[in-house]
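One chain, subunit A, appears in both complexes that follow, with subunit B as partner in the first and subunit C in the second.
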Partner chain A sequence: MNTVEPASVETLTKRLDRAQRKIAILESMIEDRTRSLFIKSAELERSKAFLERILDTMSSALIVVDGAGRVQRVNRATTALTGYGIAADAMPQLRDLLDVAPGATVEDLVAMNGDAHMRCKGGKSIPVLLSVAKLQTTEDEADGAVCIAVDMREKQRLEMELRQAQKLESIGQLAAGIAHEVNTPIQFTGDSIYFLKDAFADLCRLIDGYEGLRACAPSLEDVSARCEDLAAMREEIDVDFVVEEIPAAIARALDGVDRVATIVSAMKAFAHPGGSEKAHQDINAAIQTTLEVCRNEYKYVATVDLKLGDLPLVYCKLGDINQVLLNLIVNAAHAIEGVVASSGATGRITIATIVEGEDLVVTVSDTGGGIPDEIRERVFDPFFTTKEVGAGTGQGLAIARRIVVDGHGGTLRFESVVGEGTTFELRIPVGRTEAGA
Partner chain B sequence: MFNVFEDFVVQNWGEDFYEDILESSTLATLDPFVAPGTYPDADLIALVGTTVTKLGIPLRDALVAFGSFAFDGLVKTNPAFVDEHTDIRSFLATVDSIIHIEVRKLYPDAVTPTVLVEERAATGVQLTYRSERKLCPVVEGLVTGAARRFGLAANFSHPQCMNDGAAQCVFDIDFSPVEG
Partner chain C sequence: MKRPKILFVDDEADLLAGLRLSLRKLRNEWDMVFVEGATKAWPHALEGVDIVVTDLRMPGMNGADFLKLVQRGFPTTTRIVLSGYANQDMALEAIGVAHGWLHKPSTTPAIVEALRRAVRARAAIEDDRLRRIVFGARAIPSYPRRYAEVSRLLRDSASSMEMIAESVACDPGIASKLLHLSNSPLFSRSLPVANVRDALCVLGLETFAQLVLVSEVFEIFDRLRVHAGIEVSWLEERAMRLSMMMKELFIDPRDTATAATVGAIHDIGILLLMQGEGDYDAVQQTVASGTMSRAAAEIATYGFCHGEAAAALARAWDLPEALIEALATHERLTKNPQNVGAMALGLKISEDLLEGQGDLDGNVISMIDDVTKQDPDLGRRATRMARR
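== the complex of A and B ==
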């Protein structure tokens, strides 16, 4: 270090002057910065208010948690949905809002993406579609998560309505066939009853003749003439034929009544299979019922080959499963009809049931034309149909898959060979409890 | 840096000498230098050039000495950047990733150099410096000042230098405890 001489007066004067100019510059800079900060602060406030407005306008519930899974922020939709307050000092715990274990981490939350339930104050539970995204600090690290929960109640209600509408549509489409199925036995039952009516009148007439003969027995002069009349009447009535045919007519009439009763019973079982909740059900019986209901759809184009295995009762919503079976069987019949057309030939629908491991497996195979490669990916799309306008809405398989996959935790898939046919495989857990479904 | 340079000159050679340098240098900036301002590099180079001419010392030595002095001045304004480290190598690793980022936040017009640090051997580092200013002696002085802060002496080898036509300066630096 050099020995520094004290500054001269001239230097000190210059430095003082420069110091004063520095102060003026710094004051000006501070003023500029202050103004800039004020503007930036106002912009920040506007942005904050804008973001607040967006969050509170969202119709979906928003929950922001920190890295330890503590709730940091909820929006008004969350409050409206759950009843918990929005104030920062009254923030609910995460396990108050979602079905999570105490100490749930961000990773646990991310794993919940998809269908979930939101808990409300008072214990009510609401089905939601949960979307969880990590709040990334860097590419590899996160210090929280943003959860968006969409209330699914209205969607589920609409889906139920759509499913019901499709069921009614199916029944509507089957109505003509069912009427035909009922009409045939009704006709031969009617014919038999008319025959019995005529035969009964004839027999009554003959009995009257015999009564007349018995009445004139004391004056024997009329007997001979009366006997001739009765012989002629017996000839006319063809009593041997009547006696032979009456039991057959009664049997036909009873058969017709049984047939109608079976159809009506199947219709009732199909349309009103019990409550809307899952219960243990006989799937083989459900297949028989469904075949009965849609007999007219396949009986002219296919024979049905049943290979029904020994099944335990399956925990399911029978009405929904009936709907799936109906869609598969009718589709199989239509696929075969497309091949045999009006040639008079018939194809084959094979329905098999079996238990594999924990699953019930139902296969519906047809000898139709198969599904072309180019439309295979769209088969389960809503509103996709290859049928003519008015013949199908394209909802059948879409709804069938939702019933099987979403409603029963199962799978619905198919294998198809063009020119040979298609096999649909329905697979659902046999004994799954409601909690696990 | 301009105010640090003023302190450096005043402390070593007095206020008269600094006024002399200021009046003898051709500067683009007419107003006094203030800390929050951003000024042309050419002005600092002009001041340093005038200083070494008047003192008759080599430019490189002056820049190294200035860098070493400047480190203490810079630490005074933001001691936390250094104080949270107990190891010089971990501190040097934050120069680019933290300190220069903070500088650019405070002074949006500032152009900071690139300083990459990789640990080398048991106690050393390899420091790569890239800047259009090519002020590698200042870097050497700053690292010397930093080493002093951690009670170390820095021994430099400088196998690549931008002033010799290299694309970047590479320093291999070994640190050793200051004896006594």
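== the complex of A and C ==
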């Protein structure tokens, strides 16, 4: 049968058409796929760059290590902090950067969370706050760890500045009182010397008179007249009074100079106690110096009872301990002032030192109003103050506690009975031979 | 004359002993008592003293409280502080009651000089009533509108020193107290401060603000005795115009500020008289009737005039001599006009013109003649002002 022939061209054409349509569809599909692939890959690129940017913008150092502690990845902050190159192979092993024991596991690393020191290229050590987290890609096994280290130098600098500021604040408050303490002895020393000057001139006049009398002794009629003159002069000068008062005036002038000298040397000892390093120090002497410096703060409201025990030299930062003592004494005075006000009554500040076992214990007790229950929790909080605005920054006890606890490995506590008074107890190890901070 | 009795109070026995010896030379000039602490000093105050010199910070009663007690009990006593205390809070507390200040430490000659000035200031007042008015003056009356304006300017951080000085210079009470403080060793260690602007610089705006806004040194005028015949607004207007007229007369930059200040504090005398016993309303009526000058009417009623009262307070407060002189001499011109300075003449001319009494005694013309002899330019300016 030849019936197929004419149809076949048509059919072929149709087939060709179909095939061509299929190709077009396929082509457009490929095009679609390619396009979406391109978009996906661009998205991937973007999100990778985004992540990179995040890592590099982070101000904290980020170090990714594998299970064996080999550095896999670091960010720009890490190179800025440590001085090593950005490429992972330019980085040393984690144990070169941190105090990591050889063979430490990921768990050991996680346990290092907290304050640490990071060693930089060139050996410099930087205080950091370390945060380590397990890096897990499968359910059961850790592949490594992500370590984040925050540079603590700025915070430590600010803390030091705050401590310095509090010290300056207390010295500023003291300055007015010290001026008053110095002014009084200068006044009476000056007055006494002024009297001595006059008295000396008077006595010289009298001596001249006696000399004249001696010179004219041969001519007797002159003598009785001169004797009368001298008696009048003696009367006018009031020699008995002058002779009696001169030794007292000299003693008073010397005493005044002594008082000024004591105050000035106490100020010097208080303000520049010889470096900021720990050394073996006489705490009883430090208490006396501090009392001298802030005398004006308490002398109108309280008497001070000293019960100073026999103490060995105590290994401490004297400048810091002075600051703690000052805060405790001034607080005690203010507590008493709050009770006696201007009634003319006085309270009592008792300061005792003793050695208990390995510790030096200093107690400062006052007969003030005590610390109310509801604020006891907050006494050591920074910025907490019961004084009126402008009278205190509320840093005194917060810093005192930091100095004692962080700086000397000691404790600062208090006991208080409302209506009776408060006792602060400072306790630090006596013979520590290594810096605690 | 009886020796003036001076009571020294301090909590330091050594200090008193030092003073007793160094001031011994003056034992024939003054009767001196030295007492430890305010409580023990009170019985001596009761016996009557002329001058009290006290420390501020003492256990028991402090110096400021002691002075307040003395002021209440014995208003004619001169009250002086001798203190080295740098804390301004207590100083500000004593400011309202203390006449004079001595810094501790002061040299013996400085103490002697200050006490002699205080004795002279007392001796310059013959009239007992005037002494009571001057030394007993409790608070300085300020004009309510001025006080409000000064307070507002001090609270506004955009206010300049000039604006505040302008405003203060229109209130005799605030201006004179400001000068009192800026001339005390408490704030000033330098030359006499004779004008409001310099006084503000010496004191510092912060201290001045504390003084005006916080302390109780100032009393608003209408809380004091109310005078039927006198409007506060009249007084306010007067002080401002007097100050402006003085500024117009004295154009030499060395004098302008002092002249304006003389004009500003001039009326403190009138305010003092109003506080004293006596009938100022009668004075005011006499002046209004045009039969007598203000000073003459005051002398008829009180025995002394506002110029003398103002000068007495200026002396008690140890204000600069230039101010005292102008205030003291301007009202008694007829007695010996050749001894009167240009500033006093200018003040009298301004006041007479202001009171509309230029024609009353023909004085203004002759005063302008006197001024012209001293300073022709000043005379021309005065003539111009008189013609208006």
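FYI, the second predicted complex is superposed on the first by the 344 of 437 C-alpha atoms of A that agree within 3 Å, B and C clash if a C-alpha of one lies under 4 Å from a C-alpha of the other, contacts with A are read in each partner's own complex, and residues count from 1 in each chain.
Operating definition for what follows: a contact is a pair of C-beta atoms (placed from the backbone, for glycine too) under 8 Å apart; a residue touches a chain by one contact, two chains touch by 3 or more.
Remember, it's a predicted structure, so these values are computed and weren't measured experimentally.
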Which superposed partner A:Lys22 touches (first subunit B, second subunit C, both, neither) = first
Which of subunit B and subunit C A:Met160 touches, first, second, both or neither = neither
Is subunit A touched at more residues by subunit B or by subunit C?
-> C
Of the two partner chains, subunit B (first) and subunit C (second), which one does A:Arg252 touch, if any: first, second, both, or neither?
-> second
So, A:Gly190: does it touch subunit B (first), subunit C (second), both, or neither?
-> second
Please work out whether A:Lys14 is in contact with subunit B alone, subunit C alone, both, or neither, and reply first, second, both or neither.
-> first
Where does A:Ile39 make contact in the superposed view: on subunit B (first), on subunit C (second), on both, or on neither?
-> neither
Go through the superposed model and pick first if A:Thr346 touches only subunit B, second if only subunit C, both, or neither.
-> second
Counting only touches as set out at the top, which of subunit B and subunit C does A:Val417 meet: first, second, both, neither?
-> neither
In the complex, subunit C residues that touch subunit A | 12, 14-15, 17-19, 21-22, 24-25, 39, 57-62, 65, 84-87, 104-108
Give every residue of subunit A touching subunit C within the complex, in rising order.
-> 175-176, 179-180, 182-192, 194-195, 198, 245, 248-249, 252, 255-256, 299-301, 342, 344, 346
Hey, which residues of subunit A end up touching subunit B in the complex?
-> 1-2, 4-8, 11-12, 14-15, 18-19, 21-22, 25-26, 29
Sort out for me which residues of subunit B touch subunit A in the complex.
-> 10-16, 19, 31-32, 34, 36-37
